[in-house]
Amino acid sequence: MIEFVINVVLLSFLVLLALTIARTKDLLSSVMLCGLYSLVSAVFFVTMDAVDVAFTEAAVGAGISSLLMLAAMMVTSRYEKANSIQPKAALVVVFLTGVLLFYGLIDMPMFGDPNTPVQQQVSSHYIEESMEEIGIPNMVTSVLASYRSYDTFGETVVIFTAGIGVLALLGGRGAGIRKPSSPAASRSAFPDHLILRVISKLLIPPIMLFALYVQFHGDYGPGGGFQAGVIFAAAIALYAMVFGFERARKRFPLPVIRFVSAVGVLLYGSVGMVSILNGHAFLDYHALSANALSGQHLGIFLVELGVGITVTSVMILLFFTFSERAMQSGGQE
Amino acid sequence: MLAHLPVLQVIVPLMAAPTCLLLKPTRLLWLFCVMVSGLAFGISLLLISQVIASGPIVYELGGWQAPWGIEYRIDALNAFLLVLVSGVGTLVLWSAQYSIERELPKDRQLYFYIAYLLCMAGLMGILATGDAFNVFVFLEISSLATYTLVGLGKDRRALWASYQYLIMGTIGATFILIGIGLIYMMTGTLNMQDLAQRLPEVAHTRTLFTAFAFFIVGVCLKLAVFPLHLWLPNAYAYAPSVVTAFLAATATKVALYVMLRFVFDIYGVSFSFEHLPLQKIHLVLGLAGIFAGSVIAIYQTNVKRLLAYSSVAQIGYMILGFSLASEQGLVATLLHMFNHGLIKGALFLALAAVVYRIGSAELSQFKGLGKRMPLTMAAIVVAGLSLIGVPLTVGFISKWYLVVALLEQGWWPVVGLVLLSSMLALIYVWRIVEVAYFQQPDGEVVREEVPLGFLLPIWILVFANVYLGIDTRFTVGIAEMAAQSLFGVQS
Amino acid sequence: MMAEVLSLVSAVLILAGCGCCLIGALGMLRFPDFYTRMHAAGITDTMGSGLLLIGLILQPESHWLVIAKLCFILIFIPLTSPTAAHALAKAARKGGLAPLLGPQGSERSRPSPPEQEESNG
Amino acid sequence: MNLLAQYNYWVVIILMMLGFYIVISHGNLVKKLMGLGIFQTSVFILYISMGNVEGATAPILAEGYQSFSSPLPHVLILTAIVVGIATTAVGLALVMRIREAYGTVEEDEIQTIDNAASVTQAEVVPLEPHPVAEDEPKRKVGNKDS
Amino acid sequence: MSGALTLQLTLLLPLLVMAGIALCRRHPDLRDGVTLIGASVQLVLMLHLYQGFMSGDNASVIWFELLPGLSLSFVLEPLGVLFALIIGFLWLITSLYAIGYMRGNKESDQTRFYLLFALAITAALGIAFSANLFTLFVFYELLTLSTFPLVTHKGSEKAMKAGRVYLGILLFTSVGLLLPAIIWTWMLTGTTDFASAGILAEHLDGPLVTVLALMFLLGIGKAAVMPVHRWLPAAMVAPTPVSALLHAVAVVKAGVFCVIKVVVYVFGLELLQQAPGSEILLYLAAFTVVSASVVALKQDNLKRRLAFSTIGQLSYVVLGAMILAPISILGASLHIAAHAFGKITLFFAAGSIYTATKKTEISQLNGIGHQMPITMAAFTIGSLSMIGLPPAVGFISKWYLLMGAIEAEQQLAVAVILLSTLLNAAYFVPVIYAAYFKPADVLPAVRKESPPVMVTALGITAAMTLLLFAFPNRLFELAEQIRLVAALS
């Protein structure tokens, strides 16, 4: 019952937020609301027992994507044009979509029912067998990194692709007019914030530590390469914001990070290659060790590492490229 | 190693992409990429030969059995398309070197090659996989790479086109995700074979219908079926020329493949065509697409746009064959998928050569091109004839099959329309030819062909157009094999 | 016996925390301008979160690991939230947002930035 | 059947509609991306909800628990979230470039600019080689913009 | 040398010639030399083929099979051989003439001209030897496409417009009607191969036969049966050798040839005779004959008049085919030859007049007979053949057409043939009269012939026209065989 109430409250919160986002013209507040939206949905995921997802959603939705949005906001205008909405056709389409979904809703299996196909077919195998086959308590991790590890490889590549895409579009010389040097870039976002500097100095190490914890504790609790990567990146982003991009860049030169991001993917891939070379299927961790379980452990450890590396580097990449570009064209105007 | 071909097909380019970051000079980079994609092509050939020899190949990734792990399943259908994608991909990449140097700043070329490989790998991943969700993942890889590639275009409109494509594409992908989710909800599995077995139990449910609808709409967005085609012309027109060549030849085909796979293999003909008005809808959409596309194409002044709209029309043909829900019709569709890949590949590649030389794809710039770059223009003419469907070219073969399939169903009027539409095709191809050959250029023309390395891939494609139009055993054989298997699954 | 007391205490604390949050939210809505609202926000993330955390720590059946984690949070929040508030205020000042009360209180200020929603969520 | 018990599917649908509406109705490119985010998140909620089991716990084996929520949807959504952020990143990158190229991020304005342009100039790629940035390796990112 | 080999050689030779022409495009003399040599070799091959065929070697070749029942293949049969012979003769003569003409008028892009000319020859031969409808269709389209640039040779806006009409009508009819007709046939019979008794016999009957026949007749736009004749006058902008090619050698002949071939080898007379409403076809042809002649009367431009006369003459052939009597088929095939030589003479004459005096209108031709005696003599012979008077070959063909009509008791056809003969006379005689008996505008009329090559060329064709009347038996043997084949069905 209590769960029911919480869910309802959270969900209605979400609807409320979505409505506000749809209505407000102030993009900055929309960004904030979006972050909030992700936060709330993360909470909802927790109540749905999807802790890993919640973790990720919080880190990504509330963290990185808001950050990127804000960076983009530095270039684009803060307010939306008043008359830029043309609802007529949109409403029709949306309405149709909704009707279709409601129609589909009628035959959906009961929510929370333990006998739905979702529970019966494949998942049951994971729940019952994974301990024997993989030997780590966190099923999500075992499915993610072993049963469906190929999906995760794809996921890593997706991130990598995004990094490449952003570099290709924003990286390097800005298209067209741009001052050879823009003071914005060298200036830290908060030049004279002693307090900020001190506190950040205090916080950054624990954040990184936490990231490592998340990375390597993924087998036992919520977390894993992806969440860890995002957190790690967040730490560096904080550093960059407080101590200025110049210094951040000196510490983490772009080519190096780019290289690292590639290394992550390659690490993941080469684990698969190794198992191929040992005559097993791609990403079959049994190839890594005589003992099945230890093989699985090693494999999962390595691929999670790969994911972590790639995500970290790409996130940093994104943040640097975005904010740098933002300052450049900020310098233009 | 042979046992691992299915996965290597995808993994090789996928792993090669990050490796590119380690290579310094662009030339070396190019060489590397060509070799990689060439390797992929070789693999695909081996695969198809294996498939022909000994039926579908199953490969269990991670060594986990099918419903629990992800499996790759290569049969005639996707082996066929794998050959197309890797083959065209290689040829385009081969000629990319020159065109890219012209159209991209130096510091972007690296990213171009990486994104290109990723896109290719993504497409092949979609083709190879036997897992519904894995389709989505690789769909996204290829899509993101594609947005990047399109966005690299020189013209600022490329950015806008890419953005539109991104929005449309993501909506499509999300729809597909919803579709897959609902299917999963009803069956509890993601493996295609498994799904095919479990779906009949719940075939009557409304949820499944919704899932189907969402899935089809999503794919149609990616596929640029007529009313949802709006992103395509801009994307094709403003992307770097070679990118256009690659996309036009492969991307839409792969999307169509996904549709075929789900409609025939997973849902099964009985569900798709008996419970639903799919047939009529697609018939109408197909015809509408054919005519709208062709007619708009006639009025374009930019050749790239012109061909882009013709692509919309050609997709209409495929949809038409698909809507017949007969084995013949399916053969026609499959043939046209493959053949149109060859045709458009050749045309856009030749166009890239033109752009490389005269820096524009505006029709007005084509004056006297017949003398200025005879070989390139000759290629365009031959490929154009193939596009119209003149006998002794691949275009004729697929049209012929389409017509025969239509007659089988006794759809006379449609046959008439198809023939009429090829007249329209004739008109827009003719416009190019007329300007290039029969309009006197302003200045006096000097003959300046593109470098041989550029010309060779074009002509290989053109040759393929003619050869496969004469010796149809390979294509038709495979297509029929695939069609039978698609129909066989649910019987 | 011990357990009951603990749970009672924690319950009280949690309630109190919720109360503070509520007050904060109210203030957020009622106060005239950015700077004053920040005070309200302050209540939420000092007293509000603090009391809640302590209450949770005192929950009898909570695992030691959980307690440890909660303690960490308890340490970090007092570090971060004032800093954030500080940065915000400074930024607003730099942005030329004049406090409603005070010397140049006469001129109206721009509609307050939307950070407020964030802190009352 | 008791539709109320499906309340979170209801909400999912409403959220989807809202997100979708924002995407197609708003002319501001950044806003569109936000809408996309909401749209996708609603799909995540759909997946997660279908995996949930009454009174079950998170799919992490621990003594004293028998029933777990299905882990598979969680895995799928982890991937989906990643895809989402990737798309957003690329989208934002495009938006920034568009802003630089067009000076606006409003759909209709861009359209008008393009229509005006397509009347006047035919897109011609300048034939002279591009302003070549110095090679990748040598381009020290630190001093790149100084 | 076996028939099959020769057959393929004849098909490939023009392509070789093309290669040669392309190679020595820098040196005009060499280039034209290549053309001439190629043409003469071709003629020799043709004669060899003819001999082989008469000695009963009907070779057949399959190049490749695209799909089951759909192959690109060739076979020797009387009608084809006849057509091929005509092409062989006239290619040589026309190129001879063309060289003179092109140089005389300093035309541009001569290389392209000769290239496409050769290509057109290949296409025409392909049609002549085609063993099935598919092959026929392929080469039919090839012919259309290869002759288009010739029509628009001048490249002027007028030429382009005419070119569009030409291409438009021919392609739309062929793809819109001929192709469906072929596909229909294929669906019905599962084959497209020509068979001497017709292939449709037991697959189709009733009015549908007529429909299909109509689709074929109008689909073969090159036969210029009204209402799809408009491309022909439009194509008059082309240089004279091209007009010659179009009207005498390749295009229109290909058209009527296809009609006969379809009637004989696809339908078979039997089937068409029984088909209800098949008279429509006859009426169509008859109407064309008459109306074309009437229109021709009103034309002042010489070439236009000739063009309309062509339309009329062609419809004789169609008429002959549609009378559906073996004799009339014989007549029709004879008429192909007769008209070929007669009409090419006329065009050559017109061309040489233009070359020598730049005159195009009939009203300017007063007294030209004294200026250019040879040309006008040839012209006269040609006209005689057109009208169908001895001593020109036209007489023979018309004679058999008439016989056929009478035998088949087609009074209408008889009437039409007679009437149109009068009309022909009516639009040719005035020209001749003016040329010889009207006083020349420019006095004194000096003898001023066109370049010798042209004169020889048109001399030869005129001579042929007479010779074929004198010694028709060679021609006859072939035609006889055609009659036999036709009689089979």
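Here the chain labels run A, B, C, D and E in written order, and each chain numbers its own residues starting at 1.
Following the convention adopted for this analysis, contacts are C-beta pairs under 8 Å (C-beta built on N, C-alpha and C of every residue); 3 or more make two chains touch, one makes a residue touch a chain.
Computed from a prediction, not measured in an experiment: that's the story for all the values here.
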| item | value |
| --- | --- |
| Where chain C and chain D overlap in contact partners, by chain label | A |
| Leading chain pair when contacts are tallied as C-beta pairs | A-D |
| Most remote chain, CA-based centroid, reference being chain C | E |
| Far-end chain from chain D, centres as C-alpha averages | E |
| Where chain B and chain C are represented by their mean Cα positions, the distance between them in whole Å | 56 |
| CA centroid of chain D to CA centroid of chain E, Å | 68 |
| Whole-Å separation of chain centres (CA-atom averages), chain A against chain E | 76 |
| CA centroid of chain C to CA centroid of chain E, Å | 98 |
| Of all residues in chain B, the ones touching two or more other chains | 105, 107, 133, 137, 140, 144, 147-148, 151, 184-185, 190 |
| Per-residue overlap in chain D, given as positions that touch at least 2 other chains | 16, 20, 29, 50, 72-73, 76, 79, 83, 86-87, 90, 93-95, 97, 101, 131, 133, 136-137, 139 |
| Residues of chain E engaged with two or more neighbouring chains | none |
| Those chain pairs that satisfy the touch definition | A-B, A-C, A-D, B-D, B-E |
| Touching residues on chain A, where the partner in the complex is chain C | 26, 28-29, 32-33, 35-36, 39-40, 190, 193, 195-196, 199, 202-203, 206 |
| Complex contact set, residues of chain D against chain A | 1, 3, 5-11, 13-22, 24-31, 33-35, 37-38, 41, 44-45, 48-54, 56-62, 67-79, 81-90, 92-97, 99-101, 105-109, 131, 133, 136-137, 139-142, 144-146 |
| Residue ranges of chain B in contact with chain A within the complex | 1, 4, 7-8, 11, 14-15, 17-19, 21-22, 59-64, 67-70, 105, 107-108, 111-112, 114-115, 118, 121, 125, 131, 133-134, 137-138, 140-141, 144-145, 147-148, 151-152, 182, 184-190, 194, 198, 205-211, 213-214 |
| Chain A to chain B touching residues, read off their complex | 100-101, 103-109, 116-123, 125-126, 146-151, 154-155, 157-158, 160-162, 164-165, 167-169, 171-173, 258-259, 261-263, 265-266, 269-270, 272-273, 275-276, 280-286 |
| Interface residues, chain D side, partner chain B - complex | 16, 20, 23, 29, 32, 36, 39-40, 43, 46-47, 50, 72-73, 76, 79-80, 83, 86-87, 90-91, 93-95, 97-98, 101-102, 110, 114, 117, 122-127, 129-133, 135-137, 139 |
